[in-house]
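Heads up, there are several structures right after this.
The two complexes that follow have subunit A in common; it is paired with subunit B in the first and with subunit C in the second.
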Partner chain A sequence: MSAYNFAYLDEQTKRMIRRALLKGMAIPGYQVPFASREMPMPYGWGTGGVQVSAAVMVPEDCFKVIDQGADDTTNAVSIRRFFQATAGVAVTEKTAEASVIQTRHRIPERDLRQGQILVYQVPIPEPLRFLEPSEVETRKMHALEEYGLMHVKLYEDIARHGDISTSYAYPVKVEGRYVMDPSPIPKFDNPKLGMAAIQLFGAGREQRIYALPPHTDVVSLDFEDYPFQAGKADHDCDLCGAGSSYLDEVITDDAGGRMFVCSDTDFCRERREAGHVGALGVEAVA
Partner chain B sequence: MKDTERAAIAQRPLLRVEGVSRRYGARIGCAEVSFDLWPGEVMGIVGESGSGKTTLLNCLAGQLAPDAGRVMFDTRDRGMVDTLDMSEAERRMLGRTDWAFVHQHAQDGLRMNVSAGGNVGERLMAVGARHYGNIREQAIDWLDRVEIAEDRVDDRPSAFSGGMRQRLQIARNLVTGPRLVFMDEPTGGLDVSVQARLLDLLRGLVREMGLSAIIVTHDLAVVRLLADRLMVMKSGHVVETGLTDQVLDDPQHAYTQLLVSSVLQV
Partner chain C sequence: MEQTSDMLTGGFSDAPRQSARAFRAALEAMARPGSTYVLQEMADAPAPVSRAAATLLLVLCDAETPLHLSGVCDTPAIRGWVTFHTGAPLVAAAEAMFVLGDWSSLDLRVLARGTAEYPDRSATVIVDGDFEGVDVSLRGPGIKDVSVTRLPDVVVFQENAAHFPLGLDFYFTRGAKLSALPRSTRVTAGENA
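Here is the complex of A and B:
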């Protein structure tokens, strides 16, 4: 594809994004403004993540895209094809083989290792946004470390629902300083945020980039008497039998039939290939 | 506390205002205002609309930067400090601990999409409270003190009447035990019977907690009930000061005489 520069974006744009990424890595959790470009896809489809992926990608990379854990949804397939076409990089569905993983709303079940990069698509980077509409004010609150308001949101949850009902985009405090929105991952994934891989967050419409270097101290906010709890559906995967993975509920008919399956399709496939079978699964053909 | 210590504290005003001026272009907002506010004292600022009362209050509360003058506050740890020289972080910290600001319109001072309990608890959480049970207990206690029933604790202020909102705003402000309260027309826009209850409540709280307060109002009845001392403003200037009863019963300045005689007698 000689019609495009490598990975679609021009080199100056990639340099600009890399500068923002380096700044983000230097100040974990801090939202760095960047000049987000128009991308050939609508806002909300991962324009921020795509720009970050394009800026960090090298020709030797092996690229994987997941959407809610799945490799085979429209969003994941089209972004994967986009980089196949514009960068010519190798692509994979296997978490272990990928060097750059772009994700929407999940962290893979398999532990990521040093040397891998996880790129998040972020819709709304500002964790305080729904309580404080003014951007000027929220920036000031970040600068002065005034985070009482974040707990007001959790207080409201408990007052209204009896416990902290926020189940995704659960706010975290990074290195004891910045409060950060981990993008809409389920709070089940929050404990994995201190992983060995580099995590980069890109919000295209809101023009913000932030980052977590490897082994960053990330704490989910909570109350002393209502501690943080990472929750999942109380069930095992019906295909592979896994008891510890995050599950999707799938409606199978209109008579109340349903099944629970791993949201991470690669993790589920690997387990089935290894011979694990769930309650509704069938033996893998060897 | 020993008597000598108490005497030493009482020898120092809580707030010292020196020559505060604020202009809006060529127009005067307020000019050359100076006074001392002592611990436990309630000061009323009265005057007609546009006389600079609110400008002055905003300058004192750090919401507006005056063009000239000093606003010294007796902080807990550093003694008298000019609040205008403070870092913004310090001033905002003061704004949610030792200071409180009661707005004329309750919706300016409340979060309308957060429950009453959350509104009262916000200041507690802002200074580091992280125990839900304790926060809620204090919120309910404060709602009770401002005569809001406990079963309204999870309702949003949008479901409250004007008088209840104003009382909720007061609870939200007083929950962290401030030493100085700024009030901008706290009874404005309320009907007279609700006003009377609110004033009664405020008077009780101010006396009980030993609060110092600066109350801006155009309602002379409010200052008659609440204020120890009075400052009359006209066109940005202070035209008369004195004890409340003295100023209201024996006004010296022509404008004060006009103001006092303008009150309708029923």
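Here is the complex of A and C:
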């Protein structure tokens, strides 16, 4: 452990990231360019999130990492071990105990509180990128608040499919100013973006950082006659019976067998330990 | 020669950990405008710079961040301390990324407020020491309903917020205490406004 500087990055790099984080915090939803570093993991594995986590981490932190809600996937396990090795911080799988949570594509089911920080791994930070490939143009569009194209995209969804078919990375407007990509979280999670915790977004390959202070006004884009709807699978969790959590569909055999389980593994475990049993679940062994 | 020792001392003894803790407080402060945070382990710059302000300089400034010193904070001893500990180039106010000074000495009109395409290219102002404050109510990102605090002025901060997303971001430091006011905060005079 002593072979590394605290939290891996050198101090000058951390200062650069920290300055970007503060400007991001002061201009909610605006993408601050930063000099993203090579990290000892490939792009797409959370290099942006890791750099943000390294810049905010203190030795007293308790660190949690989730990948699509799960603590036990390769990506989550390796990032957790990375900071155990380089920062010596405590780690946990329990949302309630964590002070810094790095996430790929989910917001935990449990409400986050003041004092906690949620760090998102972001692949493509620019919400307009698939509509306009030029960075020069999209930057101008943000400057001029020219977001008509995004509404055209949502409108075309309706014209083609009958409703807004965008189901993840659903664009939001922050404090009535910047349109922001909330990272590829399911739109089920969008209503939680106004939470009490600090939210930080890091895109390593794209070299952008952005942020949401607590209690920020975050509105999912929609139309008066097609209001935003946060959808989920119309089912209860088969393990813990939860009816309000976001579900993963798991194929269980080659004969069409399937089950729905909470995507948030810590939420599901907590419920099962409290005695809740779903349709396909078994009683938790105490 | 006493000044020389002032210049060379007062840094962090364990920079990675101490600056991490101090930054965390600075981040929380910027995320919750008007809330006051008390720093624990601090740097120590020559008087009259507060320990909180000295700590902010060590956490945020380096050779890449042009710094402007203003008013009582612009002394040879402080210049020497800043240069030795951070390497930040000392510049005129208009070129500064960071500004440190007492409230009455600051000329905010000349500072960088960012551009429409890069609003982050704006100055962060560290207002150090006491000021004659007025009671204000704050609303905006980071504040649940309304937050009450004291600021050295009202109109200045209203104008700053009116230019959002352009604008200046402020830290207020006194002793070990730290609070912040980003450009996104809407300020009204009075406690119950």
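Methods note: the second predicted complex is superposed on the first by the 286 of 286 C-alpha atoms of A that agree within 3 Å, B and C clash if a C-alpha of one lies under 4 Å from a C-alpha of the other, contacts with A are read in each partner's own complex, and residues count from 1 in each chain.
Quick note on the criterion: contacts are C-beta pairs under 8 Å (C-beta built on N, C-alpha and C of every residue); 3 or more make two chains touch, one makes a residue touch a chain.
Bear in mind the structure is a predicted one, so any value in this text is a computation, not a measurement.
Student: Have a look at subunit B and subunit C on subunit A after the superposition and call it: clash or fit.
Tutor: On the shared subunit A, the partners fit.
Student: With both structures placed on chain A, which of the two partners, subunit B or subunit C, ends up touching more residues of subunit A?
Tutor: With both complexes superposed on chain A, more residues of subunit A are touched by C.
Student: Looking at A:D236 after the superposition, I want to know if it touches subunit B, subunit C, both of them or none. Which is it: first, second, both, neither?
Tutor: Touch status of A:D236: no partner.
Student: Using the touch definition from the top, say if A:A26 reaches subunit B (first), subunit C (second), both or neither.
Tutor: Only subunit C is touched by A:A26; subunit B is not.
Student: State whether A:M16 touches subunit B only (first), subunit C only (second), both chains, or neither.
Tutor: A:M16: touches subunit C, not subunit B.
Student: After superposition on the shared chain, which partner residues are touched by A:V56: those of subunit B (first), subunit C (second), both, or neither?
Tutor: second
Student: Can you report the least C-alpha distance between subunit B and subunit C in the superposed arrangement, rounded to whole Å?
Tutor: 10
Student: If you lay the two complexes on top of each other, which residues of subunit A touch subunit B in one and subunit C in the other?
Tutor: Shared contact residues on subunit A: 140, 144.
Student: If we count contacts the way the header does, which residues on subunit C are in touch with subunit A in the complex?
Tutor: It is residues 15-17, 19-21, 23-24, 26-28, 30-32, 59-62, 64-65, 115-120, 122, 124, 140-144, 164-165, 167, 169, 182-184 of subunit C that touch subunit A.
Student: Would you pull the subunit A residues touching subunit C in the complex into a rising list?
Tutor: Spelled out, the residues of subunit A in touch with subunit C are 5-7, 11-12, 14-16, 18-28, 30, 32-33, 55-60, 115, 139-140, 142-144, 175, 177-178, 196, 198, 211-217.
Student: If we count contacts the way the header does, which residues on subunit A are in touch with subunit B in the complex?
Tutor: 131, 140, 144, 146, 148-149, 151-152, 155-156, 158-160, 223-226
Student: In the complex formed with subunit A, which residues of subunit B make contact?
Tutor: 88-89, 92, 96, 111, 114-115, 117-118, 121-123, 125-128, 130-133, 135-136, 153-154
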